[in-house]
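Sharing a structure below in structure tokens format, with a few things to ask.
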Amino acid sequence: MRAGQLSDAQLSRLAPVLASLRLLVFDFDGVFTDNMVTVFEDGREAVRCWRGDGIGLRRLEAVGVQSLILSTETNPVVSERAAKLKIRCIQACGDKLVVMRSEVDSAGLDMSVVGYVGNDINDADCLKAVALPIVVADACDEVLGLARLRTRSPGGKGAVREVCDLVFNARRAGGDRGA
Amino acid sequence: MRAGQLSDAQLSRLAPVLASLRLLVFDFDGVFTDNMVTVFEDGREAVRCWRGDGIGLRRLEAVGVQSLILSTETNPVVSERAAKLKIRCIQACGDKLVVMRSEVDSAGLDMSVVGYVGNDINDADCLKAVALPIVVADACDEVLGLARLRTRSPGGKGAVREVCDLVFNARRAGGDRGA
Amino acid sequence: MRAGQLSDAQLSRLAPVLASLRLLVFDFDGVFTDNMVTVFEDGREAVRCWRGDGIGLRRLEAVGVQSLILSTETNPVVSERAAKLKIRCIQACGDKLVVMRSEVDSAGLDMSVVGYVGNDINDADCLKAVALPIVVADACDEVLGLARLRTRSPGGKGAVREVCDLVFNARRAGGDRGA
Amino acid sequence: MRAGQLSDAQLSRLAPVLASLRLLVFDFDGVFTDNMVTVFEDGREAVRCWRGDGIGLRRLEAVGVQSLILSTETNPVVSERAAKLKIRCIQACGDKLVVMRSEVDSAGLDMSVVGYVGNDINDADCLKAVALPIVVADACDEVLGLARLRTRSPGGKGAVREVCDLVFNARRAGGDRGA
């Protein structure tokens, strides 16, 4: 367990907020990926993602939690991965917080039922705005202090699945509180 | 040695069941691969596999053990890898257990001589059905308890080869029991 | 912390030189990348870089520090990555030190305000010439002794970002000394 | 230091044989690569190699040591990588030992001045035949016992460079013995 990661006891104290979530918002690079990018000779790019994330996202749906990817840049790999995972994505978010607020409003929700998963300083404003700010195990130092939950898995290697499973299990156990 | 992995003493107690196997069924992602997928800008995918697996599968054949890949999804990378390894694969298995039972029947075998190697919850039913349920070192927590054997190597980095070598060595040592 | 890496106390003693830098010169392979190269069947190549480097380089600009990539070989992946990061790159540097001296002169600077980040023996002359010689965590043994600073992050996995952040924070804290 | 790896004292006892080498023969997969293969949807493959190997091979040449890649299979990535590194390669070696013997004879050498670097059981015969059998840090268990030297770096992540540097340094220190 890395510094800043939660013990099982601390995780169980987070169960109520995990169970109350209705929307999980994810950064893409460093969360769905290992924060690396493969660069080809013609400038095209590729990223590496985790096969297990799909199962996690389907479980979220099954317990009534929506999910959304927000990305600062525009990159075809994000839309392709989002399409494969059947999850909405919004790219070219100059200000992620503005976009997230608008999405939360449109869904008729408020920030008390939103979680955000990030890894770098361009996630800071969103992390500060939500009920459950989450960072991946290998997030950059500057955002560690903003998180209530730090995953045990690194980005791109199980972090998304881990968050989905935590929410899924909390909602199943405490569905009467969260629904 | 990770929690749940077997000591040499425990491995040697598994020798009889290892030696009796006639069919090894493998999940693909997370077993033949490191459970990551490379996503390109046009949506095509690639996976990373272990060069040493081919030697292991040829050894299995040499001691009379068949092998088979079952995959829930359909993906050209699975058929390409299976073709290169000269091993049968069946994709688009909505229900892996049904497909596995049918394969076992067709081969004139029963579950007492079948091993299954998986890494995630969609492998759970198959793991429960076979004589020797095996998970890779980095399998997800929910299936660890279903396995009698957890490899020391992670998926895509020697796990398949390790299983093949264990069966190969057990059958060579105790061929009279297993054949 | 690896042998040769600096403690926080040692880092703080480096603050004045970090704050005085006006130009950071980077080797490419092993610094912007993990020092591996993907080789395709047709001989084309690809490399893996760190998504977080862009944020670091923008921060450098914001505190008035220029950056430059020097590469011994010529490879399209270097120019593509440099273009994406909006940072100058000079390739085919038979003698990196000659090219670096010429660049420093053209910019009206001298070596007392230059840092160099490298990982292998073809970086040795440049490391010896600058005010702040830096190597990545996984630099080869022969150049470790030439560095005043060894990053905690390996090449391609945060090393560039870490250097940028160190310079950024030192210049912000001690801007009156460095500007 | 892993089990089976040599201490500095043991390495220095190997100095005479390192200094006497005139030919280094390398397996490709798992030695020049991390033993993984990237599989694309159309069946094409790619491998990942270490950028630092080129510097090591040029150093070998500088002290009069030839190098050669022997590969059991035929794969375009091997010829492409060998061409880039300017090192001979022979593929489709059904029996590597026969090919190696023929190469050693043609060069007017004998096995007492040959080193072989491998990682798997199809390297066993060659490892047994040469004066200095070498395995990479992550070689498979079955060949560890055949090696007089096990590198500290894994295959594809510095192992080739490490061997080259050991030979280079030993020959420079003891050139009068080796030449």
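Chains: A, B, C and D, in written order; residue numbering restarts at 1 for each.
The definition used in the following text is that a residue touches a chain if its C-beta (ideal position, glycine included) is under 8 Å from a C-beta of that chain, and two chains touch if they have at least 3 such contacts.
Owing to the predicted nature of the structure, the values given are computational and were not obtained by experimental measurement.
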{"item": "Any chain in contact with subunit C as well as subunit D", "value": "none"}
{"item": "Same-site or different-site touching of subunit A by its copy subunit B, using the half cut", "value": "different"}
{"item": "Label of the chain whose CA centroid is most distant from the centroid of subunit A", "value": "D"}
{"item": "Gap in Å, rounded to a whole number, between the CA centres of subunit C and subunit B", "value": "44"}
{"item": "Whole-Å gap separating subunit B and subunit D, where each centre is the average of the chain's CA atoms", "value": "31"}
{"item": "Residues of subunit A engaged with two or more neighbouring chains", "value": "38, 46"}
{"item": "Pairwise touch network: line, ring, star, complete, or other", "value": "ring"}
{"item": "Those chain pairs that satisfy the touch definition", "value": "A-B, A-C, B-D, C-D"}
{"item": "Complex contact set, residues of subunit B against subunit D", "value": "34, 38, 44-52, 55, 75-77, 80-81, 83-84, 156-158, 161"}
{"item": "Subunit A-facing residues of subunit B, complex", "value": "29-30, 33, 35-43, 46, 120-122, 140"}
